[in-house]
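There are structures below to look over.
One chain, chain A, appears in both complexes that follow, with chain B as partner in the first and chain C in the second.
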Partner chain A sequence: MSYYLGLIVEYLKNYIKTRMTYRADFWVEVISDLLFQATNLIFIFVIFMHTDSLGGWSQGEVVFVYGFFMVPFGVFSCFINLWGFSERYIVKGEMDRVMTRPAHNLFQIFLENVDPPALVGSIIGIVIMAISGSQLGLPFEWWTIPAMLVLTISAVAIYTGIYTALTSLSFYSDAPTGILPLMFNVQGYGRYPVTIYNRAIQVLLTWILPFAFVGVYPASLFLEREEMRNMAFLTPVVGGVFLAIGLTAWNYGVRRYRGAGS
Partner chain B sequence: MFSGASAYIDFIRIRFLTMLAYRVNYYTGILIYTLNIGVYYFTWKAIYGGGGELGGFTASQMTTYLAVSWMARAFYFNNLDREISTDIRDGSIAIQFIRPYNYIMVKMMQGFGEGLFRFMLFMIPGMAIAMLLFPVKLPTAPEAWAGFLVMLFFSFLINSQLNVITGLMAFFVENNEGFMRMKRVVVDLFSGLIIPISLFPGWLADIMGFLPFQAITYLPGSVFTGRIQGVGIWHVLGIQVLWFLLLLIPMVLLYRMSRKRLFVQGG
Partner chain C sequence: MNAIEVKDLRKTFKVQKNREGLKGAFQDLFKRQYNEVAAVKDISFQIPQGEICGYIGENGAGKSTTIKMLTGILVPTSGHLSVGGFVPYEEREKFVQHIGVVFGQRSQLWWDIGVIESFQLLRKVYKVSEQDFKRRLDELVERLQLQDLLNRPVRKLSLGQRMRCELVAALLHNPSIVFLDEPTIGLDIVVKSEIREFLKDMNREHGTTILLTTHDLQDIEALCSRVIMLDDGRIIYDGGLEELKNRWGTGREVQFQFGTGTKLAQLQAWTAGLPVEWSAENDLGAKVWIPLEINVSDVLGQVVGKADITDIKIIETNTDDIVRSIYQSGSAEKKTDANDVTEDESVMTHV
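Let's look at the complex of A and B:
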């Protein structure tokens, strides 16, 4: 365990050293992340210019859910970054290098791709939650911060599980799978009240690609929406299950890995 | 300049065949795009509630607009920005520049090969599925079809030009990942894919009228839904052509500059 913690520290040090050489890029990345979040907020604001409620949820509530959504998403994008895995590690053969080292291969890949600027999004998310929460008059209880921590970790586990499972598909097919960028749209749909969708989409976002558990379900705990409370409590379970699925798919895929063949 | 058109046409053919080899990926693509349409369909349904009109769209026009906008994206979308920036970062662009062709032209041709594939195996079947699932109304006027198809081609051109420009930025910033992400978000929002432009607050809609992004989705979508008819089609087509010509300028300038810049780095 302390071996892995030490590795995290070393990789982060290395990251800071390389990134501080290119400070401008760091800020370009932060700004582009923020712009991305801003466009989503614009969508919410424009929608509520034309309606008072979205399936029984007010603008303040939807904005609060969005703020919550940003927190685990920022943590996930910081530590788990599997974009371009297939090109970099399979096609270019870097997976061979990773596998000859003692630490777990997935752990190394996560560390090699850490992206701390993404954490700025989490901070903004907390600010958004604080502002819209106080406007809505939400109470701040003793359990608010512990619940926030548990739900954030669970949501990160869900993201990690889904994306690890999908990325491990590249062990089975050498074709570049264009699935990850497509998921990017889908994951956003869990931050709107899923009850506005039809049954099929609700089931999909709850049990198959459970992105409702990284947005509206856990956030409803703080919003005191009775109808989703049980789903909020279920978040850690879903996190555990999907993380297990992801890691199993990954480890199984790595065993099948034969190298790019050149 | 060497041999001319036939070599470039080969680039279209080769990319088309490459895409065909990986077609399985696009079946998942169709599913996800249908899901995208579904999610926005139900979101707008919740917003419309009883009925009425939003930003000049009836609920039924909105459904058609959504379906055709997402499926048009299935056609015009490509990763030329990523391809170019990868070529620049791993240095293989040096070889490309030595070869007796115009690198940008080659990229556009490859993009078009991909577009042809996407049109036939992604957009058309996707649209058919969307029509089965959602109440999409196809236009009846022949000029709406003709206008839409021509405009769709310009959507592809303008989107690809923006991609090429973003990709070439890799020459000037160490890591243009941020720019590429930013461009993607801006195109999806400001092109009217996520929200039709007429629903934005007036001042914002006015600003977007002066930007090239609306020419990618909003204008062709408006023709397809019949919100723009007759002479109006010529007018919006003119806007697209104008943007196509205007965007040639930064594209060519960046390309010239990048050729010079590459010599410095490689020397």
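Let's look at the complex of A and C:
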């Protein structure tokens, strides 16, 4: 365990050293990330210009959920980045190199693609939660920070599980799949109260692609929404299950890796 | 003890068949057809500890596939495999701690950071202690003369410089078995011989077992006591390099330059009784083919003194020629069997 923590530190140091040479890149990335999040937020404000409540949720609550959503998403985007996996590691065969090193291959891939600018999104998310939380008059309890930590980690585990499982499909199919961008769209639904969707989509977002657990369910714990409290408590369990599914699919897929070229 | 043990190792790949034309492409979309292609077909060999073994074969013969199975990257379809006491694909992370791998066509190093920083990172990945790392690095840097390169980013190194750094990167954790996949590809002659010397020394000093694939047979001649030759997924030769030369090098060629015109018929008459074969371009130059079992001096004895010779050149069949003819025939065994049966004929039909 301390071995892996040490590696995280080393790779981050390396990232910084590399990025010293491309400083402009860093800021471009941070700003484009923020603009992307800002448009989503503006969308929420536009909706609430036309209505006072969305399926029983006020503007302040929806904004708070959005703030919470940004926190695990930032952490996930920073440490778990599988976007170019098929292209870089399978088609170009870089997986060969990864597999001849004595650390878990998936972990190495995560580390080689760390993207710290994404963490700025998490910070903004916390700020949004703080502002809208105080406007809503939400109490700050002793358990707020521990719960925030546990729920963030669980949500990151859900993301990781889903994306790892889907990415491991590239071990079976030669062509890079277009399923990841689709997923990226679906996960956006999790940041709004699921109760506004019809039953089928609710089931989908809760049990099949549990993106409701990375936004609205855990956030409802802080919003003191009784009807979703049990779901909030369930978040770590869902995180564990999906992470296990993802890792199993991955480890199984790696055995099918065929290498590239000669 | 054997460092590498391979028994009936086999690897088959499923290859998708693409049907022709637009219609075929649509059919492929719904129902794919696959071909099973065996890249490595039930090969067996053992490599004892401390041996340098060359692994050669044409492109696509299955060399890289074997190396990838031996290093734990690929899972074999069937067969037994033991490298340094481990089954590579089963305990990969523990196993790779004991091996070093260099892929000549791929880099181990981080492109944008200094060479030394890459080494530091690998030190952490391989859990090498600070002291061991320093000792080992000093030794390697000294030996490969990398002092001036350590702080440069990898992308600014020449291929030769980079390859020497790759070697260091693969050896920092002092592996007992080293796999080299075309380590000298694209390098100039100076760097090539430097790397060969280095590998030889390492083998001598640390008893490191080395398995290398290459297309440059001089690598093999300089380094390997043993060669395994692969063709179409099967081992067609496994043994010493000298033996290979003896078995396949069917003879030597001697070229004569004459001061005065000498007729071919005359030359043939002088060596009548010896199974040699003369050929002449003109009266002033002739070549004679001498099979292995005849001494060159016997033939020379018949000619020297009788003819007015200005120059003699003796040409041994080199390994390149031998290997080329084996590749072309596709087997080292078949031909030698044929040799035994119709020895005279094969001597006479030398190309």
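Basically, the second predicted complex is superposed on the first by the 260 of 262 C-alpha atoms of A that agree within 3 Å, B and C clash if a C-alpha of one lies under 4 Å from a C-alpha of the other, contacts with A are read in each partner's own complex, and residues count from 1 in each chain.
As a convention for this text, a residue touches a chain if its C-beta (ideal position, glycine included) is under 8 Å from a C-beta of that chain, and two chains touch if they have at least 3 such contacts.
None of these values were measured; they are calculated from a predicted model.
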>> So in the superposed three-chain picture, is A:36 touching just chain B, just chain C, both, or none of them (first/second/both/neither)?
In response: first
> Is A:55 in contact with chain B, with chain C, with both, or with neither (first, second, both, neither)?
Replying inline: first
> Is A:103 contacted by the first partner chain B, the second partner chain C, both or neither?
Replying inline: second
> Is chain A touched at more residues by chain B or by chain C?
Replying inline: B
> A:3 contacts which: chain B (first), chain C (second), both, neither?
Replying inline: second
> Of the partners chain B and chain C, which touch A:47 in the superposed model: first, second, both, neither?
Replying inline: first
> Of the two partner chains, chain B (first) and chain C (second), which one does A:198 touch, if any: first, second, both, or neither?
Replying inline: first
>> Looking at A:130, would you say it contacts chain B, chain C, both, or neither? Reply first, second, both or neither.
In response: neither
> Regarding the shared-chain residue A:255, is it in contact with chain B (first), chain C (second), both, or neither?
Replying inline: second
>> Does any part of chain A touch chain B in one structure and chain C in the other, and if so which residues?
In response: none
> What residues of chain B sit close enough to touch chain A in their complex?
Replying inline: 21-22, 24-26, 28-29, 32, 35-36, 38-39, 42-43, 45-47, 49, 54-55, 86, 173-175, 177-179, 181-182, 185-186, 188-189, 194-195, 199-201
>> Going by the contact rule set out above, which residues of chain C touch chain A in the complex?
In response: 13, 16, 59-60, 63-65, 68, 71-75, 89, 92-94, 96-97, 99, 101, 103, 105-108, 110, 112-113, 117, 120-121, 124-127
> Contact residues on chain A for chain C in the complex?
Replying inline: 3, 6-7, 10-11, 14, 17-18, 21, 93-97, 99-104, 108, 174, 255-259, 261-262
> What part of chain A is in contact with chain B in the complex they form?
Replying inline: 22, 24-25, 28-29, 31-33, 35-36, 39, 42-43, 46-47, 49-51, 54-55, 87, 173, 175-179, 182-183, 185-186, 189, 192, 196-198, 200-201, 204
